[in-house]
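Two complexes, one shared chain (chain A), two partners (chain B, chain C).
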Partner chain A sequence: MKKNIAVIFGGQSVEHDVSIITAHIPIIQSLLASGQFNVQPIYISKDGSWYSDQAMNNLNFFKQTNFIGANGICPKQKKIQILFDQGLKLVWPGFRPKVVKIDVVFPAMHGTFGEDGSLMGLLRMANVPFIGCDLFASTIAMDKVLTKQILSKENIPVVPYIWFTKFDWETNKNTLKEKALKLKWPVFIKPVHLGSSIAITKVKQQSDLENMIEVALHYDDKILIEESIENLIEVTLPIIGNDILQTGEIERPLNKTEFFNFNDKYLSGGKKYGGMKNRYSEIPANIKNELAEQVKSLGLKSYRVLGCSGISRVDFLINNDSQNVFVNEINTLPGSLYCHNWRKAGISNVELVVKLVALAEERFKARQKITYIFDSDVLNFTTIQVHEHNA
Partner chain B sequence: MKKWLSYHPRYIRSLVYMLQASEYNICDYLNWYGRVKNFNKVECRKHLIKTPKAILIFIIAWTILLSLYSFAISLFWLKLGLIKYIFFAGILLIAPYFLAYVIIAPIILIRIFIQWPIEFVIIKCAQKKLKKHKAIKIAIAGSFGKTTMREILKTILEKNKKVATPLHNHNTPLGISRFIKILKGDEEVLIFELGEYYPGDVKKLCDLTQPNIGIITGINEAHLKKFKSLDKTIKIIFELSDWLKKNPIYVNGENNLARNNVLNDYIIYNRKGIEKWKVENPQTNLKGTSFVISKNGQDYKIKTNLLGLHQIGPLMVAIDIAIKLGISIDQIKEGIKNIKPVDHRLEPKINNAGVITLDDSYNGNPDGVKVVIEFLASLHNYRRFYVTPGLVEMGSKIKEIHKAIGIQLAKTEIEKIILIKNSVTPFIAEGLKDANYNGEIIWFNDALTAFDALPYLTVKNDVVLLQNDWPDQYV
Partner chain C sequence: MKIIIKNIAIEYSDEGEGPVILFLHGWKDNLHSFDSLVPILSQQCKIIRIDLPGFGNSELPQTTWNLDNYVQFVKDFIDKLNIQVDALIGHSFGGRIAIKAVALNIIKPKKLILIASAGIAKTRTIRNCFFYIFAKAGKMITLFPPFIFWRKQLRKKLYNIAKSDYFLSGKLKNTFLNVIKEDLTSFANKIIIPTLLIWGDQDKTIPLEEGRSLSKLICNSKLEIIINTEHFVHQENPQKVAEIIQKFIL
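Right, the complex of A and B next:
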C-alpha cells in the first residue's frame, strides 16, 4: 500500500520560484521514482491560494506562461481546502467533495510562511508527520541574528556583526552608522529573514552604506551588518538525521561573483541536477584535514544547538589567513535538498527522500509519546470563585 | 468493454503499427491483437513508420471500414423493419473486430503475388553471383552470439583482408541477397549471419551463401515458442554442419546443447582455448578483458575492450581462422585492440554523474544472461543494479528459465534488482525468494518509467546492467 505524501511548494515568498524547483528536482521526481508513494503536489500561489492537481507533479506545468494569472490554468481550478481530522486531509470542494488523507507532508517552501516555521506550525496542529526541521529550529534558523546569538552563546564562533530593525534605523540612524563603522570593513548587509542570498550586498565604501541599508530594509524590517572576511574560503555542509546524524560532503562554492548569490545558486549553468551544477562547486572541498574536521564538528554542534531534525545545511566562512572557522548560517531547507552533494556522498536521490520520510515518521512517533494535555479542575475552581464573587 | 471503447480513429493506425512492428508476421500480429487491452496505447516504444506498404494497408483498412459503415447506413433505405436496426447495430459493433482480421488478406495477397516472386528472382540472382565469387565465405549460425561473433571476425580479419558483411542484422535470404547484389567482386572474406526463423531456414541460407567455414555459437531456448522443442532447434542450427560436410566447423564448447551434438572432426572452442591454442591467466573488469594464448611454448598477451570472460571463446575462433588465413599474430593483436563492444550488447557507457551503464538490452537469451550476470558478479567495490523485463519466446521453459535467473542473481548477491511488471518477472522474484535474496527488489510498471527513475536511484560509481528490452509487441 503506497503512502500518500503531499509536497507543499510555492508560497508567498521571494523564493517562490526556487521552491518550485526544489519541489520537483529532486523531491517529487525522486518520490515518484521510488515507487513507494502517491505524490499529491500542493502548490501555493503568490496570492496564497492552495491548488493541487496531478499535472503539477511535472515541472513543465510551471514553465507554461499561463499557469497562473487572471486567465491562468490554476485560477480556473478549484482551490483545495485542508481539513484537520485525525491527521491532515485535502478536500476538493464540490457536489461530491473529493477527500484525500495525507500520511506524510514534504514541505518544499523556502523563505517566509514555509521555511520560517509557519507551515511547520500548521502541520504540527494537523498532527501529521512532516519532513525537515520542526517549528522551533525553522523559526530560529530563519532569523540570521537569532541564529548567531544562540550559536555564540554555545561558544560556536560567528563573524562580528551588528543588527537593528527598521524602526531603530529610522529613529537612531547616526548611532547605528557609527556602530557599523566600528566593524572591520568591507561589510555585508543582509536582510535577516531572507534566503537564497536575495538582497545581500557587499559594501566597500562608507558612502554606500546608507543606500544599501535602505535596499535591505525594503525586503525586511530587521537587518544584519557583518564583517567581510577578505581572504575567504566559503564552505557548506549538509547534514541529515534526528538523533543520529550523517554528514554529506564538505562543499566549496566556486564563486563567479564576489559572493555566492542567487544566480550562482540556482540559475547558472542549467538546473538539470538541481540549482547548482558541480562545476560551480568543489566536492569535497579541497581544504586541510584539520579544517575539514573543524567544519564537521562545528556543523554537527550547530545542528544540535538549533534543534534541527530531518535535514539542514550549515554554511561556514573560513579566514584563509588566520585559519579561523565561523558558522555563517543554517539553512533548514537546502535548495534541491543539496542532492548533488548527497550523491557524491553515495546517497542517491531516492535514498535521500526515502530516508527523510523515515526520519519524519520517527520524529512523529516520538512526539506522540509526549503528553501535551493535562487534566485539571481549574475550570471547576473558577466556577466556584465566580459563584462566590456573585454572592 | 474497455477494449471495445478503445476502438477509435487511431485504432486503424494501431493495427497497421502492430503489423509493422511484428514484421508482417500474421501469427505474431494475431497473438498481439489478442493481448491488447487498450488500442490507444500500443505505440509506446516506437511509432509507425510511414513506408509505402504501411500506407497502402492503412488506406485499404480505412476503405474497408468506411465501406462497412456505408453498407450499414444504406440498410435504412431498405424495407426490412426491425431487422435493419439489428443489422446496423451489429455491423457498427463488429466492424472494428472484423477489420483487424480482414486487413490480413491484402498482406497475404501482396506476399503471394508481389513479394514472393520478386524475392525469388532477387535470391536466385544473388545465388548465381555468389557462386562465381572467389571470397572465403564464413557462415555463423546459433541461437545467440552471432552478431558479436561476426563483429569480432570482421575486425580481426580486415587487418589483412578485404572483408565484407551484411549491414546490421540482415540475416534473412532477402537481406543477404541485397547485400550480395552490391558486392564488387574483389572481397577476400565474406561473413554471413544465418537467421533461423523457421525450419529449413539455415539450409536455405547455406544454399544461398555457400560457406567454406561454419561457426555454431550455441543453442538454447531463444525462439523456443516458435520452434516448440529444443530438438527441433538443434536440428535447424546443425543444418549448417550438414551442409558443410568436410569443411571446417567451429562449435561453442561452453554450450551444452551444441557440444552434445558435435562429431569428431568438429573444432571445439571455449574460454580455455581452441585446438592446440591454450588460454591462460584470463582477467576481466570494466576496462576490458585480457588473457595469454600459448602454443608450442610461445606466449602472446591479448587485450580487448570486450567485457566478460565469455568473449574469449569467440575471440579464439577468430584468432584461429585469422592464423589459418595467414594473418600474423601482431596484426591479429592489433585487430583485437580495435574491437568495440557491439551496440546494446554489454556496451559500457558512463554518464555525467559517473554512473556506469552496461547496455545489454539486445541480449535476451538464457546463456547470454547467465554469462553477463557472472560478469556483473565479478565487479567488486561497486554497487550493482540489474534491470530486466525478463526474456521472451521461452515457450514451455518460461518459468524454469526465469526462476534460474532469480536464483543466480540471489547467489551472486547483486545489490539491487529492478524488475518490470509483466507475465515473466514474478518467476524471477520467485527464484530470488527461494534463494533467500538479501538485496532490494524494486518494481516498475514499465521499462520507460524504470529508465526515467534510474538517475534518481543511482550515484557515482554505481554499475547498472540493462538486460534485454521488450519491444511493444511483447508488452
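Right, the complex of A and C next:
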C-alpha cells in the first residue's frame, strides 16, 4: 500500500518562491515517479494559511497569475486544517469533512517558519516522521552566528566576524562601527537568519558601511559582519545520512558576480532545475586533493557537531593564497536538494528522495525508543505540601 | 544595490564618474528604463538611477502616497546618498516628480531634463470628458442585470480604451489616482533653471502638444523633438537622446 506523504512548501519567508521550486523540482516529481507514495502537496501562503489540492502537485499551478490574491491568500482554494491525532491528519472542512492521515512529511520550506525549526517543532509534536534535519540542528543552522560560535568551539575554522542586534546598533552605533573597521576589509554584511544570499552585501568603502548595515537590519534583527577572502575558492558539499554519512561531490559554484547571490542561485538561466544553468557550477570542484580531503573531513565534522540528520549542505570558503579552509555555513534544506550534485555522485532524484524518506523513518523509530516520560508522585507530594501550607 | 529610505528598501544603481545625473522613471516602469542611455552617458557622468517605491525591486510604500510623498522621497534619497545632483532627468511620471520638486526648490539640480513628461492634467480635454460621462453612465447601467454580470470586465475594457494605467497599478491604484489628479501647470511656471524637454513626435500617451505647452510654461526651456518615436523616446532612439543630453549638460 502506498504511503501518504505530505510535501509542505511556501510559507512566510523571503524564500517563499524558492521553496515552491524545491518542492516540485525534484521532490514532488521524484516522489510521484517512484510510484511508492500518494503525494499530498501542502502549500502555505504568504499570510500563513494552509491549502492542499492535487492540482498543486504541478508547478504550473503556481505560475498562474491569479493563484494568489492581493491579500496573500488563494481565492479559489479552501483552507485546510491540521489535526494531531495519533499522528498528523489533514482535514478539508465541510458538511462531510475529508480526512487524510499522513505517514511521512517532506518539509520543503526554506527560511523562516520552515527551515528554521518552526515546522520541525510542529511535526515533532504531531509525532510524525519527517525528512531532513530535526528541530535543534535546523534552529542552530538558521542562525549564522550560532553556527559559527558552535563550530569554533569545536575547533572548526570560521572567518573572523562580529555580530550585533538591531537594538545594539541603535544604542551603540559608534562602538560597533569601530569594531567593524578593525576587521580586515572589504567585509560582507549578512542578515543572520536569511538564506539564498538575500540582503547580503559586500562593502568596500567605509562610507557605505552604515547604509549597508541598515539594509541588512531591514531584513533581520541580528546581523554579522565578516571579513571577505579576496582570493577565494568557494565550494560546497552536500551530505546525507543520520549516523552513517554519505558525501556528495565537492561543488564549486561558477558565480558571475562577486559572490554567489540569489540571482546566481535561482534566476541565472533556463527553466530547467529551477532556473539553474548547465554551467552553474563545477562538479567535482577542480581543487587540490589535500584541500578536497580537508573539505570532506570538515564537512562531516560540522554535520555531526550541529547534529544534522537526513540531508544538509556545508558551504566552505578557501583562501587560495594561504590554502586555509573555513566553514561558512550549513544549509539544512539545500535548494532543490542539490539533486544535480547527487546525480553526479551516482544517486538519481528518485533514489535520493526514497533514501531520505527511509532516513526519516529510521530516525523516527530511534526516537520512539527514547523515554520521554516517567511515573512520578511529585503531584501528590505537591498536594500534601499545599495542604500543609494552607493549614 | 539597496538603501533604506524611511524604512522602505530601495533598489538603486550608481555608475560612472563625473557630474551627477539622477534618473526618475515613469509609472509601471523601473530603473532599467534607461539601460540604453547608461553606457553612453556614464563615460563622462555619474549616473544614479532608482526604482521608485512600489516599482521594480523597491518595496511598496506602507500607505497610499501622493506626488508630494514621491518628491520628499527623492529628496531623502539624495540626502542619504549625500550627493549634489547636477542634472535631474524625469521620464513621464518621473517628470511629474521632477517638475514639482524643482519648482518648490526641494531638489536643487543645476539643470532639468524632462522626457515625455506628465504633469499637465488632462481632465479638461474633450476626450476625457467623454470617457468621464461614459464611465458614469456605465456605472449606472451595470447596476442592473444582465449588465451587472459583466460590470468588472466592462470597466476594465473602458480603462484599456482610455489608455489608463489605473487597472494595471495593482496595490498602487489609489496612489495612481492621487498622482494624476494634480495639475502641475502652476508649478512648471515657477521653474527657472535651464530645462530641456525631449519628446517623440508620435507620442500617444503624452502627446507632443503637451510638450509644447510645458515648454511655454517653463521660461528657460528648450524642446527637442525626436521624429518617428513614441512615449519611450529614450529607448527608441537612445543614441540621439544621449547626444542631446550630453550637449545640454556638459
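By definition in this document, the second predicted complex is superposed on the first by the 382 of 391 C-alpha atoms of A that agree within 3 Å, B and C clash if a C-alpha of one lies under 4 Å from a C-alpha of the other, contacts with A are read in each partner's own complex, and residues count from 1 in each chain.
In the analysis below, a residue touches a chain if its C-beta (ideal position, glycine included) is under 8 Å from a C-beta of that chain, and two chains touch if they have at least 3 such contacts.
Everything numeric in this text was worked out from a predicted model, so none of it was measured.
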{"item": "Contacts of A:228 with chain B and chain C, given as first, second, both or neither", "value": "neither"}
{"item": "Comparison of chain B and chain C by chain A residues contacted", "value": "B"}
{"item": "First, second, both or neither for A:40, with chain B first and chain C second", "value": "neither"}
{"item": "Touching partner for A:211 - first (chain B), second (chain C), both, neither", "value": "second"}
{"item": "First (chain B), second (chain C), both or neither touched by A:302", "value": "neither"}
{"item": "Touching partner for A:332 - first (chain B), second (chain C), both, neither", "value": "neither"}
{"item": "Partner chain in contact with A:199 - chain B first, chain C second, else both or neither", "value": "second"}
{"item": "Touching both chain B and chain C, residues of chain A", "value": "none"}
{"item": "Footprint of chain A on chain B - complex, ascending", "value": "353, 442-444, 452-453, 455-460, 462"}
{"item": "Interface residues, chain A side, partner chain B - complex", "value": "26, 29-30, 32-35, 273, 343-344, 346-351"}
{"item": "Complex contact set, residues of chain A against chain C", "value": "70, 199, 201, 211, 214-215, 218-219"}
{"item": "Contact footprint of chain A on chain C as seen in their complex", "value": "1-4, 7, 9, 80, 170-171"}
